[in-house]
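Chains here go by letter, A, B, C, D, E and F, matching the order in which they are written, and residues are numbered from 1 within each.
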């Protein structure tokens, strides 16, 4: 994760010296905390997949919208709640209590800086529910306005051509989209020769107990076989990944523009 | 919360004696844990709103589908993660760590009974994300198959006439639907004379930062004013409530039917 | 544990709407928190035994003395510290830290409501010492006046005829008295045909290390054999149970009358 | 708390070298853990009162009965759960979680030594309920036989003349008995010239809510006035203290004799 | 902290796909976990100072010695125990329990990968004692061989000319050495125009209570004035920084070479 | 650990009555908390070794310097972080979290007494890093001035003749020095006939990974063989022990003299 510090962008909060924090960070500033993960992503993608996406998305957003929206990016947290991969030994995971305590500590610190708006930019789906919990805890404990966004777009905001992959909406971990984005962002880290389809089509028989169904269910990655990924990365391309990533940055920009002016009337 | 123990339904797990647990509970049994809440619900609804709905839904489901699906209902947990109401002094809330620890303890106990399937039937929206986290934790820690369902239905499963309330989908706490259901289940506890509309229409100006929008945000009940509810209960009726509740029971039955046969192929 | 919400008693705190809490709950109010348990009670009694007794006692007390003493009953906590039954797989138990955290959270919430007096009405003997600890913690942490009472009476307050059971004072779990009370409160849940005597008479040889002796000792239910109960339920009757329960309600009424006026002079 | 290590008694477990622990400690050994306290005891008694009593009682018991009963005394824990004195700034107290964790750690360690019997010899009344909880936790977590005893005797075992103090049984902290025992054990530490009576006689009006009454209540030391003690030490004498202490040692001897042979039949 | 993922070095563990972890990581591998910090470093240095140094040192070490010594670098943890700066609002800090829990989780994960050697490469002095504690905890809890190293060299290993700064060995935070290294690694982030000397010369009067003295003392950054740094950065140069950094890499290489063959005979 | 309370020194804080604490303890007072340990020390030394040294050193310091420096000694904590001996079953150890919580509780209590200076006098090397952490935590959490000292002297302060033992600086647990001191302080507890040398000479081959080397490493006592001690006690003598102990008391006196006047200018 070696950063290139000599040609650094200027919207990294940690690049500031302390007096600059006091001078530049205020109630209108938006602090972005990227949440990565170091976890197995099947045979074809690197452990750093979610880290790369969150980290690169935060940088891209800061570059495109940073000056207009007063964005400040914190370093990406590398180790998060990846315990759905606990049974597959190529993952670094922390439990929910430690993850929540870490987010609370960052929130406390951000509030102390004089900032009021904190955005969790989450690259790992397994973090989403607990990060959502954290949004409320940080608002309650530290008075922050808190937000949760992701570097992927729902179909309504996508301009990518429809994938030929037969994922039936179940390409949720190392599937077509994520693989495409990594092919775009870090092609050297992808082993397309190892890419295989691992789509749990048996779930389609269910109307309710399925991904996105009305009944949620607890699952671990190895519940879907030993490969570790869920989806069909075989048709992934860097071109599709570029479109998706660009779409995501555009959507993040639109979200952050709204966040910039957001506040509760009762405050 | 006084139960009528003399004419008890027979699908309450706690009504069994210990040898019956060993005899009747097995891998095919489905254990249902209703999650209530005791929290302010605006000026017109009782603190027990979520408790009543979860508790009654569990009983109704057990009555209608219990024998067919081998359902067993645990007592409803009354105090859960209601800290979005922490600033309004008519709420009993526990923090996320205690709630997660409680759910983990129940999961451990259920696994020890020889059961394999645990369903969280959650009546309080503020619990949903952490209950979702718990589904994974309990699967990982105790090997259970875990599920999360709610006693409300998405529009696609609703047969209720469209509400005349102007909630714009923001009737999320003490609004038209919840009020209607309580009017149906416990009419004596509703003060319709106090019902007022408290819809945060200003949120509609946002495309992303809104309920159900692409960007989630942390909020507390008092962020939307001092009344405590969010929505428009003024048009609520017991008739609509009955339809909604019946729809919910029907959907829960369908969900539980799928859960009954659900398992991972790799297990 | 399905409550009959349509004909609800009016002393259930959770039946109030939030403005009524602000209006009705004050320094003179007495908040009652019943502590149940879902735990094995031998072959003849339901898991819900302690829950039923605490829940029903709280309701009876509220009905008889509620208006005079300004009593308000919270929902019964179903899962408590039942880990003396951890080795017998028909028990739902939480550990001491989670139980204490839960009681602390309820105390914090009750204090925030403006109440000053909190009574733990404990139906499960295994909770007594930790509930006693909680009384001090809640007084220290939240400034409440706290009390611990039980729905059973010491001999001096009992009008029941002396049991013919040969329990030697050791009918502490599923024995004559508890079985009688459940025969009175929920006869359908009792399997008298399975009732056997399981009295650890070998303890009588001890002067000090015995129940109620000068030296306390740590024990688990399975230390006294595989059946799980301790005592002799074979002579239990509903009639005796009714006397005991009525005596308990009378004693609770007397205790609550004193609690009503209780305060420290230094306050 | 400087011990005289050159003329040490031989029943201090910590005086053993590691190979002697392996050689001498076994299933029949009884490990005694004295629990002290460093807390305010009114104007006349030292902070170390409970420490001195527990420590000296453990030594006396070991001396008189150690060889016969295979007793081994651990060092006295000085800081325990004295938070009833938290508002009076001359007390060193730890919270219930830390106290329980410490006892659990000692239990784990004792079990690892090959011992099976652990006796908590508790000199501080404020520890009793949580120490009782610990007895069960240590039995459950580490398989130990656990016991709780105190260096004071109930009236039935007392040979001391009835005190002329008018304490009505409420001399529970720095009162006649405790002061007498310290006058016997450490007379230089007592300021009898400061001894005053502080008996909460107003509690006598209560039948139930009183020390030893049917309803327990949470209290802090400053609830009974600013002096910090509860009782009447003015008539205390070293002579009475000697009788009480000797009685206590005799009772502890009898208790330990029973503990020596105690076990559950099912083990 | 944007990494340049397209021209990535190959010794980053997170760049591997899961099957490569199983293939490449073994008992002889050395896993390096860099510990950064985001904390105030006086008016002249960026918050990221410790992060940059740890991160860059890990990369340099991996580049120079990675193939020979089978080194694998994990992502740098950005937020660590920086609470000596808690009173200065430009720091993101986590408490000792969360930091220890995070390190334990990484250790557990690394052990599960099949690795046996974990090296903490710590860039923040405030982490050193607790990281040292963690070395033992991780050895005890997970059986790892654990090591703690720093990207700074003691004088005996330094080839840098003696600084003209008058720091008397007290340039411990944002002083001459650290500033020089950042001038070398990330010159754009240094504000030399703001550099002032803040050396607590009054400490020199002490023989024992001083940095590196025989008596250690607890201090917070603001104990030494409002500027936040401790030392004299005014004479810092990139040239000296280059020498120091190169020396540090050379020393780390020598340390890692020893670690590579290190094991306990009893294992 | 029986103390001789009848001829007690007057610098034991716990010997004071509460009003004396208010009268005598102030901002200039120095509170000393000795940290002992009960842990295996090889075949020749008692488990109490570290306890004896810390306890006796505290008493000696109080006696020699107490009146001049306003020293007040707390009771010695017997059970601390000895988990490097967890695999050797003659040790009572608590984990790092419980140890830190205990120290924090003592710090809170000491601050409440009106004291400002707290000195940890640590007799167990395994506590040093975490006690160092605690110094900062207690300063941050309770505003205390905190210090960490040890009852052993570095060579520069030693007047003892150079040991003939061939320990190469590795006599860190039950070696020449510690054995000599116990021969001086508690000769009856030493089994010199069992003393053997257990020096890990293989570590000398390392330049960096060794005791006191540039790279720290996690170790457990049994990593160096089954005996449990590390060092060569065979040449230990009471005479050398007396010199070492007296040197240590002299150094502690000098340290405490500096601590007495120590404060931060910014306070």
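The rule is simple: a residue touches a chain if its C-beta (ideal position, glycine included) is under 8 Å from a C-beta of that chain, and two chains touch if they have at least 3 such contacts.
Not measured: the values here are computed from a predicted model.
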item	value
Count of contact steps on the shortest path from chain D to chain E	2
Smallest count of steps, each to a touching chain, taking chain C to chain E	3
Mean-CA-position distance for chain F and chain E (Å)	29
Geometric centre distance via CA averages, chain D-chain A, whole Å	56
Whole-Å separation of chain centres (CA-atom averages), chain B against chain D	49
Touching two or more other chains - residue numbers and ranges from chain D	97
Topology of the chain contact graph, where touching chains are joined (line, ring, star, complete, other)	ring
Ring path (origin chain D; first step to chain F)	D, F, E, A, B, C
Chain D residues touching chain F - in the complex, by the definition given at the top	1-9, 12-19, 21-22, 36, 38, 40-48, 51-52, 55-56, 58-59, 74-79, 88-95, 97-98, 101-102, 105-106, 109-110, 112-114, 185-189, 191, 194, 228
Touch list for chain B against partner chain A, complex	83-84, 86, 96-97, 100, 126, 129-130, 132-140, 144-149, 153-154, 157, 200, 202, 206-209, 214-220, 222-226, 251, 254-255, 258-259, 262, 264-267
